[in-house]
Structures are given as C-alpha cells and as structure tokens.
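Pasting in a structure now, in structure tokens, and then I'll have a few things to ask.
Note that the chains are named A, B, C and D in the order they appear, and that numbering of residues resets to 1 at the start of each chain.
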Amino acid sequence: MSDPVPLLELRHVVKRYGAVTALADGNLACGRGSIHAVLGENGAGKSTLIKVISGVVQPDEGEMLLDGTPVRFSNPLDAQARGIVCVFQELSLIPDLSVADNIGLVSPPRRFGLIDDRAQRRRAEQLLARVGVEGIDPRARVRDLPLSRRQMVEIAKALGRDPKLLILDEATSALTSEDVGRLSDLLLRLRREGMCILYISHRMHEIRALADTCSVFTNGRHVASFETRAHGEDEIVRMMIGREVSQVFPPRPAAPATPLAPVLSTHDLGWEDRLRGISLAVAPGEILGLGGLDGQGQREFLLALFGGLGGCTGEIRVDGKPVTPGSPLAAKAAPLGIALIPEDRKTEGLMLAMSVADNLTAATLSRWRRGPLLDRARERSAVGDIIRRMQIKAVPSLPVATLSGGNQQKVVIGKWLLDEPRILLLCDPTRGIDVGTKQEIYRLLRELADGGCAILLYSTDYHELIGLCERVAIFYGGRVVRTLEGDGITEEAIIASALDIHPTTQPAA
Amino acid sequence: PANAATYDPQCFRAAAAAGATVQLPAKHGPYRIAFANGFIGNGWRVQMIQTLRAYAAQPDVAKQIKELRIVSVGTDVSAQIAAMDNFINAGFDAILIDANSPTAFKPVLRRAQKAGVLIVSFDNTFDRTGKETNLIQVNQDQRAMGQMMGDWLNSTMKEKKSVLEVRGVPGNSVDRDRHEGFRAAMAKDPGVQITEVVGNWDDGTGQKAVADALAVHGNFDGIYTQGGSIGVTHAVMDAGKGFIPIAGEGENGFRKLIVAHANDGLLGDSAGQSPALVAVALKAALAALDGRALPQEIAVPIPEANYKTLVAGKTYFPDVSDTFFAASDFPVCSINLGAKDILGASGK
Amino acid sequence: MSGAPSRALATRAALASRIDLPLFASSLCILAILAIGAAFNPSVVSPHYLIQQLQSAAFLGIVAFGAMLVILLGHIDLSVPWTVAAAAMVSTGLAGQGGAGGGGGGLLALPIALAVGAAIGFVNGLGVAYLRIPSMIFTLGVNAVLQGLMVLYTGGSAPPSTAPPIARALSGGHLIPGVANAIPIWALLGVLVTVLLRATPFGRAVYAIGNRERAAYMSGMPVRRVVLGCFTLAGCASALAGLLVTGYAGKAYQGMGDIYLLPAIAAVVLGGTSIMGGRGRTSGTVAGTILIVLLQSMLAVMQMPDAGRQIIYGMVIFVMLLIYGRGHVLRT
Amino acid sequence: MNGSDIRLFARHNAIPLLAGAVFAAMFVLYLALQPRGVTVGTLVTASNKGVLLALIACAQTLPVLTGGIDLSVGAIAVLANCLASTLLGGSGLSLVGGVAATLAAGALAGGFNAVAVVWGRLQPIIATLATSSIFYGISLLLRPDPGGDINDDFASALTGDIHGIPTTLIILLAVLLLFWLPFRRTLIGRGVYAVGSAEAAAYMSGVRIARSKACAYVLSGVLASLAGLLLTLIAESAQASAIQAGDLTLNAIAAVVIGGTSLFGGIGGLVGSVIGAFILRTIGDLLFVLAASPLWQPLFQGLILLAAVSLGAIPLLRNRNRLESFR
C-alpha cells in the first residue's frame, strides 16, 4: 500500500445472520484516488461487506477505520454524513417520485425550510449531464424509466452527495456496453479528482479496464489483495472459485445439413410503440440471440411471446400454426410449451418466502397430481432430481430467499426445466451471476438446445451472445435492424448495429 | 291544563300533564312534508318507511299532502343534519325525523325555527333544551316501557331472586331510558339480584349473551330484554332448563313463540316500539300545520300484549314474517294499518 | 454456501416450523382467559359452557376460514356482513316455512344459501381479479349494494324469515350427543380447508399469489381464477355461517352478519396469518377464533362495563400482535 | 408552466382530475335541481358535511401514502368529539384551550398508533383495528350518555359563512394551503411518499423512515381530531357511537380511493381525497333532489359507490402490459 493512512480500512470484520456467517474475516484497505475492485463468487460476502461499510448492517466483530480513526455507523445516513455513498445492487430509487426528487432525496436544496423544486431540478440536470445521460427528463417518474436508465440515475444520485468513498455494488449489471463506457470515463475522471471508488462486478473485462487494485473474497474471507496487473484473468478467477474455468462457452454443434422448420416464428409482430413489425424465426436446437441497447423492445418481444402483453398486432406461429397466447398459463400449456426466465428474479421469478421446493414445482403443479391432490412423494423426488442436475446448493425446505443470487437464478431456470419446454425464452439470465455459475448455465442452455429445445436469449452482455448464439437479432427502436450470423457475430458488429450505425465496410446481413 | 286545550287528546296524549304545547300559525294545505331518516338497514326501519307510505296513501291523508319526500342518510349524524338543512332550504313545511343522536340537532332546530319549519321527531327523539317552539316529539315513553316490563316481571315471576337484563346499544338514549325505567321498577324489591348483559337489540348477540349467562349463572327467575327477543327466547329454549317469564320487544316472531309455548311455561310479555309511530308523527305534523294546538311531547300508548292477551290477526300474525313488528296500529289515532296494508305499500 | 451453515439453517427452520408461535401463544392466551374466568366463576370451565362457546366459535370460525382464504392472497373481504345476511334471508325467504320451496324441511335452503354466497363471492372475485380494484374497497362497495338489495327485498315482499328446519338441524341438532352439529361441521370444514391449502395445486397457488402475485402469474399459475375461486369460497363460507346462525337464532334478519366481520379478521390474524398474505395455517385460525369468542364471552359474563370491554378487547389483540412481532424478529 | 409541464401534470394526476370533473358535474346538477335556487344556506350545508368527511379522508390519506392504513380515524374523531363536548362550553381563552386540548388528544392517539406501527412493527391494518376498539372504549368513558355543552355562538360562527363563503370550507382550504402544500415540500413529507413507494429503497437512501411514518400517523390523528372538533360544532354535542366511527372510517377509505390515492402507498394526496369525500357526499344530495324512491336509495348509493371506486380501475384496464396488473 503506497498510501500511509488509507481512507478506509477494515480489520477482521465479522457479520453473522443468525447461524450464517456472511462475512467471516473482512479485511480491506483503500486509498484516495484509486479504484478498488472487490471480487468473489455469488455469496462470497461482497454485498455484506458493502452493507457494513455503508451502515446498512452493523458488524458483530472487528473494526472499521476512516482516515485512521475508528468509526461505527448505525444507519446509512451516518455513513453518508461521513462521505461514504453506495450504489446498491438492489436499486435504492423511489419509483413513484420524479428523477429530480430521487436525486435530491435526502438533502435537497431548500428555501425557507421547504424544498426548492426549481433548484432541485437544475441540480438534477447538472448531475445527469455529469454521468452523461442528459436525455433523461428530471421530471419523469422513475417508474417509467427502463432499468438501465434507472441505474444511471442511481449513479447520478450517489454523485450528488459528494462522496469521498463511492461504492458501486454491481451497479453496471443492467447497463449496456455504451453506458458502461460512459461510466468508465466518469469513474476514471473521479479517481483523478481524488475520489476512492469501491467497485463490485462479475464482469472481468470491466475490472481489468478500471481497477487499480483487487481484493478477492471466498466464503466470507478475504483471501488476497493485489495490483490488478499483477495477475492474469485466469489466475484471478481461480482465486475466486478455487478451480480452473477452462472454457467458458461450450462448443457449438455443427449446423444441421438441412435447416429444420422453425418451431416458433413471428410475422410483423407489433405492440404499442415498443414493437414495430418484428419477424423472426427460431428452429429446434437453435439459440437465437437478441441484442442491442437495453430497452429497445427485446423484453417486450419475449413477453409478447409468453402471453404477457395484450393487444399485439401481427402474428405468432408455433409449428406453423397461428397462436395468440393470452397469458403465461396459455403459453406454457401443451401445444405451445413456452417458458420464460424473467428479467427480475426477485419479483417475477420467485416467491422469496416460499421454500426452494415449492418454487421449483410452481410451474408444473398439475404434473404432480394424483386425483385432486398433490403427490408429495413424486414432487419431492422431482425436486431432488432437478437440484442434483443443476447443482443447486440449497436445502429444499428452506425459503428461497436464503439462497445466494446465483442459486436463486438456478431455481428459476430449474422451475421451467421441470416443465420440459419446447421453446425457452431467457431475459438476461446471467445478470449478477458469478463466472462459475454462468458457465454452468451456458452449458445447460447448450444441452437443452441439443435436446431439441428452441432458445431465445436476450442478454446485455455481448460476450454471451457471441459465445452462445448461432444468430443474433439486433433490436433498435422496437425493430430488428440487423441479424448477425455465424462469424459475423463480433463485438464491433454488435455495437455498430446496436447504435444503428451502418458500417460500410461490412455488407448488411 | 294543557291536555284539555289540545287537539285530539285521545291520540295526542301529553307525556307529562304540565308539559308545553305547540301551536303554529295555521297554514293552508296541501303540505310539503319531508322525512329525514337515518339508518335503513334493519327490518324495523324498512317497515316504518312502508308504514309511512301506506298511511300517506290513505285517501283522507293523501289529500292533505302535496309532496312527501323521504331520504335515508345512513348512520352519520352530520349527513342527517345536512339532510334537514336541505329540506329547510328547499322550503318544506314540516320535517319528520328519526334521529341518529338525541343531542346533535340543536343547531339545526334553531335554523328550522328561524325558517318557520315544523320538526316532528319520533322513535329516537331529542333531548330538548326547552326553547323550541316548532318541535313536536312523538314517542312511546321509553322509561315507562322499561318500568312496565319491570312491573310485569315482578308480578309474574314465581320466585324473585335473580333477574337477567339484556340491554341495547351502549351509549344510546333509548337504552338508557328503558334501563332506568326497568331498574326503577325492580328497585321496589331490593332483594332481587340483577345480572346485566349487552344484547345490542340484536337477536344473535342477545342470544349468545343470554346463553352464556345461563351457562355461567345457572338459572334466572325472569328475563327482560330490550330487543332481539326471538334470539333470547331461543337461548332459553336451547338451555333446556325450562321456561321462565320473558319480557321482550314487539317482534311478530316473539309473539308467535309466546303463543306456541305459553302452555309449556313461556310466560311472555311483549311491548315495543311500533313502526307505526311514524304515522302518528305524520298525523301530528298535519294537525300542527293546520294550526291546531298539540302537546310538545306526545306519548303514544305502548302497544303491549302478553301471553294472556295475544290475538291472532290483531296483535300477532301467524302468516307473516317473524321480523315483522306486530304492534302496527294505533286505533285511538284512527291508524288502522294491518300487515297487509303495510306490506302492500311497495306496490307503488 | 458451505455445509455447516446450511445445516444450521435447516435445523432452525425445522424448529421454527415445529413451534408455531401464534398457535402456541393463542393457546396459552385461551388457557389464561379460562383460568381467570374460572377464578371468577367456576362454572366457566363446565363442559356445557365450553361446548356452547365452541358452537358460537363455529359460526365465527366458518366465516374466518373464508376470510383466511382471502387474506392468504393478500386481499380482504369486507362484504361479509351482508353476505351472511343476504344468503340467510334469501334462502329462508325462498325455502323457509311458507316459502316457495318450503317442502321437505326446507332442504333447498342449503343449496340456495350456498348459491347466493357463491354468486356474491364471484362478483367480488371478478372485481378484484379482473377489474383489479383493490379488494378492500370493492368488497366495501359490494357490501353497500347488498344492503340496498336486502332493503328492497324485505321492503318489497316481507319474505318469511323463520329458520327452516334444515338450518335448525345443521346448527342446533345433535348427531353427537351433547355436541351441537355446528361444531362437527366446523371441524369438517377445517379438515377440508387444510387439505385444500396444503395438498392441492389450488392451495399452493394461493400461497404463491399471496407471496408474490407477479411471480405466480409468470409461473403460469391461473392467478385470476384462483383469486376468483377464493372469493367465491369465502362467499360460500359466509353464506353457510349465515344459514347456521339462522338456525341458531331462529330467524334470518338484516344486520345479522354485522358482528362477524371484524372478529373474523382478528381471529385470522391472531391465528398467525399474515395480513399481507402468503403465510398462515388453518390450525392458527381455529385457535384465533376460539380466543376471540372466549374473550368476548368472558368479558360479558364478568359483567365488565362496555367501555372496559372495548379497551380490554383491543389491548389483548394488541399485546398478542406484539408478541408475534417479537417472535418474528427473533426468527430472522 | 409550459405545455409539457401541463401534460406531465395531467398524466401524473389523471385520477384526481377525473374525479374533480365528476364532482363538478354532480355538484352542478345538484345545484341546478335545487327547488328554490342556490342560496348561501345550500352551500353551507353541503360544505359542512362535506368538510367533515374530507378532513377524515385527509387523516386517512397520510397513513395510506406510507403504504399503511388507519382504521382508527373514525374512532379518533369520535373520541375527539366526546372530549371536545366537555371542553368547549366556555368562552375566550378556555375555548382556545379546549380546541388545543382536543387536537393534542388527537395527536396522542395518533402517536399511539405510530408507536404500534413504527416501533412495535405491527401491521397497520390490524394494529389500528385494535386501537380503534381502545379509543372507542375511552370515548364511552368520557361520554357514557349523549350530550355536551358547547358555546353556541362559537359553533354557529364556525359552521356558518363569512361573506357568503362557508366557514368550514375556509378551514378546509386553510388545511390544504397552510399545511398540506408546505408539508409535501418538507423532507418528512417527501419521506412519506418515499416510504410508501419503496420502503427498503428509502431506508438505503438514508430517508428517515421512522420519522416520516410516525409523523403520518400523528398528523392523521390531529386531522381526525379536527374532524371530531368540527362534528362537535355541527352537532353541538357528542355521542360515543361505534357505528358513527365505523361509518366515517369506511367512507374515508372510499374517498381516498376515489381521489386517486393508491392503497399500496406512494401515490396520491390530500386534494384528491377531499374531492373523493365531496363526491361521496354529493351522491346523497343527488338522491335528495332527484326524489328517489326511499327503498331504492340504499341500492343506488351502493351502486354509485361501486362505480366511483371502479373509476380507479380504468387506467389499469387500459394497461396493455399484463404484468403491470400483478403486484
């Protein structure tokens, strides 16, 4: 450590939740003017560490030093008063308030003791401009913004508090690469201005591009801190998960000699002003990627196929026959056999307080029936099978809330695997998931495709699209602007089409 | 002295001999009459409104009425006050009211007085301040009713050791008056132990309360219930400890039970608030508007009948619903409405 | 997660599920009330008195089962008062003595009452599940409409209101000597509701919807139909209670359901069902019902003035809730 | 305000604006059908009963905005009614003291709810159900029998008119302008919305949750006691009536919903609730001027109530994203 007195130092911090030790030995030191990455598997204790630093929870043991003096925060407000501001993984925006209200939530400009709306809006505009998203109207309700915009607002809000220490806990998980680029520039600028930044992400390339130092955690313990350049990516991953991650993406099978008839196709599918005439087709065994900037209609497209949108125009065909799924119930039922892994697992994928087993069988209850009653024995053995098959680290009878994010995601996927879908729709399924788990999920998707399942995969991570998909449809403004195929699926091509730039060097596909 | 001077003293009997009288300058009919009802969600109120319409439709009454406007405002006091204000503002000649509160109408009474509108309150009447000149109150004397039931029990009970009193809705003035009257009657015999439960004038509540009291306190020598008499009687029957004298309200079903079980020992006395009070109130309003002198407090005779005096088709109706209130006529006021007249009133 | 913490978690969860705090606490409270009552008057612990309480509890308890189904969804049914009254009044009116279907002991009264209750519940369910109007407010409106309908019904025709024999038999008859039939009916319903909630896809969906409706919908559960079903069943429960109360009191009348709404909700919540939905058991609701009925009866029997009764009643619910709240804090 | 401001405002306040239009239509119809034309008396009458419910609805709105509910507002109003009926007999300073003491009692009752909900962590709906029973019990202790002695000059002045404008309407406007508008722009006021919209996010952001919630319940108690005070002045007496308490509470919830405040919290405001309350009150007035048949009146009232609360469903029915209609 070059800095004699680090801005923040944690020594042997312990945090227990009842019988669970979330953080067993938390050590960390970070100085001004640096970006410090915290790495670890899902459930390694990163978020817990952050929560301790930012006053959300109080440590059971150990000490925390700010500028060399011991501190103890009893709530987030305490920490903020000392210049520690956190962008949480779970967004901390208030959906029903305006963007400006959110940015000035706790310390708005005031006149005569009352909030000065005009000054607050001006300040919001400045901060949004500083993060590079001038396009967001400060008067808009946060509820009306797409997730990626919200994350940018969240970052603007954090900056508005003049932090000495800025913490980003997977703050980029929903951002598009363009936003990430903008954010990186901003962070580097802030570092130059002397801010200390704690950065948590599962995206290795971002960490390599940004971080000066890294700290790795496993099972709640600090295992190593080092200069980012000191170790290669593979080494760091090995430190995190204790094994080699050789090949992230499974090999693609050879394309079939005669192209199979599509199992699912859309013709001129439209919905409100979010989907404009989308025609796509996917064949059994194929993984079709959906790419593009966030919020260009990819989610709506998947939702429309799954019966979640009313008033669609155009046509959806399954096995060549026109269908109009009116609800997820209809979409999953026999002739269609569609499953959707939703974007937000906490509100759309899981009943958090219910047990892992109940969640796993939630989509297939009618299968475990004998007469009018549920056959518990069959249900239990099915749950056991899927837990083993997907290597979910979970006790079936415990609430699914007690699982780490990665395992929660596996439960969501497992729930639909039990239904043996013919068509699987996935909406950003690896958001906030660690490398090891990601790899398992990739392998699983490939396995399913090989078994004849047609897969539509929307991802904000273009490495995933490149590594997994045979074809990638790029969305822009509710349309498919380009379809990339085979070797044409490159980073440059994806970015260029996502921005709706037509590179002259490459012929349109 | 008032009695002699007032109109039709047979029907409009003064509650107290020295009570005030009301005489307004005579107007010319036909009149615009309004009725500001409160709650409507129980059988008594529905029957009362039916009685009013049946009575008002009788030819000799109908010709005195230009308009009869009825509103039911629910249980909110302020809404009822507003309804009265609306009627005053709309220039009605007289307003009938069954009040949600005995005390809440002082201000609106002042306004009515200023506007020269006659107010006739009945059933749930007002606690008067004594300054009103445009107010007539028509009611059965609640205190007397309580006392009457107490006296009857005293004279009917075989032994007089313990009595069960089933009270009405707490905080209500009718409950208070009947209770006081009953206690005054019972005070004549200080040896009697009185157990009190709350029945809310509701059959289900009263039945449960009586059943519990019977289970815990053993038997009683007599019961006075202010309401929910059918439920109370069933509680006694279910307890299987034999019948005891029961003094209760005027429900047709209670009277049917008395008749059916009088020989088994159900000595019953039934006296209650008659829905036909509204007809007396209307009659009084019309008389007062004609310029006749009336007592300010009119005590309508209490329609009482007991196991010895019940007559089918007159004081009880075997073919009519249990929830019908059997005391539906006041012959002294020439109000002779049978069950048929009242139940037919909805035809129009 | 390593093995050790998950094993610890498993034992903790097992412990938590074995000791059902609300059931335990309300049972203790029931015993305490009985002890205090017995000190006041020993006949309080006589079988006769206790069975009588169970009979009253059966009426409230049947309503409470319906309320529980709806509360488990995270909804509430405020139309209970007039559902009880309407089902009772219409069924006695049509099938009671003197009614059109009066023959055969008024046997038709039962199906008629259930049909009326189901229809009302169905309308509630339509408003809540399909129109997406908050249940608290929609059922309040339906309650007002029912009151209006019943005023018209009684005003228009003065229908018969004497309890039909079947209502008397269901509520006060004795298949088991000394035990009013309402009690075994309640018990039977308890078993049925438990099976429905614990062992059928419908029940699983009820908990799922109460936990997170959107996730249940996205899992392809028939969310709207389940909501509709629960409200319909709740309507049936209120209707059945209405018919039993008719049999008990000897007549059907307006306002007969007023005393069941708030106590039923209190019973469900005291039984440990979360008012937000997704958590709760039949056994708790039974205990909560008995607790409420016993408390009300005991306060009346002890000649407590009404002001005191209200205050003590409120305080007991309050304190019980605080105890549960603490238990919850300890568990998480 | 420019065009886009107005559009945004209209979009964010669609339901209150719709409710306002409905109320205007109903009230104009009512006035047009007045048999004797519109007088100050007509307006005072409409205002007095409307403002009473409006104040209770305001009291209900604050807890609802935090995502809670207060089933004891009616009981607090009745409690204040009973208390005020013993305190407002005098004149001058003693009158002022009586008013202050009544409002303080309301604050105390609200404070009790606040302690239960915020620090006791009880579910508001059931906690306030329990406290309403307690408050009603205390009302019965204060006033076992109906009655009370109120300075009638004071009462007449406050329930009359000033230059043709109903005094109670002025009081209501004062509440909205002097309390509500500034309150919404305080940190606590915004905290009320933040907590109702997303409690965890608000905590993470450093909003003082406990303070905002507690404030909502205490202020709710104060507003409810203000309504109780008004009831005392309208009736010049008090009655410990459980029915009246329940009636006010339920009507207030209906008014809140009609006025566009979400029962899930975070959306809405006092102005909408006031409009909702006036709509409810105008239903009865319309039945009066239309001379509806008495046996049909309760049914009409129920149907109109049902229709009015269903207004709030219109935006949802328009919603093409089916997910949005599931929480």
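We take it that a residue touches a chain if its C-beta (ideal position, glycine included) is under 8 Å from a C-beta of that chain, and two chains touch if they have at least 3 such contacts.
It should be emphasised that the depicted structure is a prediction, and the values quoted were computed from it without experimental measurement.
Two chain pairs, B-D and B-C, are compared here, and B-D has more C-beta pairs in contact (counted per touch definition above).
With every chain reduced to the mean of its CA atoms, the largest distance from subunit B is reached by A. Each chain gets one centre point, the mean of its Cα atoms, and the points for subunit B and subunit C are 35 Å apart.
One simple way to say how far apart two chains are is to compare their mean CA positions; for subunit A and subunit D this gives 43 Å. Within subunit B, contacts with two or more other chains are made by residues 40-41, 46, 49, 170-171, 346. Multi-chain contact residues of subunit D (touching two or more other chains) are listed as 140, 144, 295, 297-298, 301, 322-323. In subunit A, the residues that reach two or more other chains under the touch definition are 308, 327, 348. Applying the touch definition to all chain combinations yields A-C, A-D, B-C, B-D, C-D. Only residues 56, 75-77, 80, 86, 88, 90-97, 101, 105-106, 108, 113-115, 117, 139-141, 157, 271-272, 300, 303, 307-311, 327, 348 of subunit A touch subunit D when the two sit together in their complex.
Residue ranges of subunit B in contact with subunit C, taken from their complex: 40-43, 46-47, 49-50, 170-171, 195-198, 202-205, 207-209, 211-213, 215-218, 230-231, 233-234, 238, 253, 257, 319-324, 339, 343, 346.
Partner subunit B is touched in their complex by these residues of subunit C: 41, 43-44, 46, 48-49, 52-53, 56, 98, 147, 150-151, 154-162, 172, 245, 248-256, 258-259, 297, 300-301, 303, 306.
Residues of subunit B that touch subunit D in their complex: 37, 39-41, 46, 49, 53, 69-79, 81-83, 85-86, 88-91, 100-107, 110, 127, 170-173, 176, 346. Those residues of subunit D that touch subunit C in the complex are listed here as 69, 116, 120-123, 125-127, 129-134, 136-138, 140-141, 144, 250, 253-254, 257, 263, 295-303, 305-306, 309-310, 312-313, 316-317, 322-323, 325-327.
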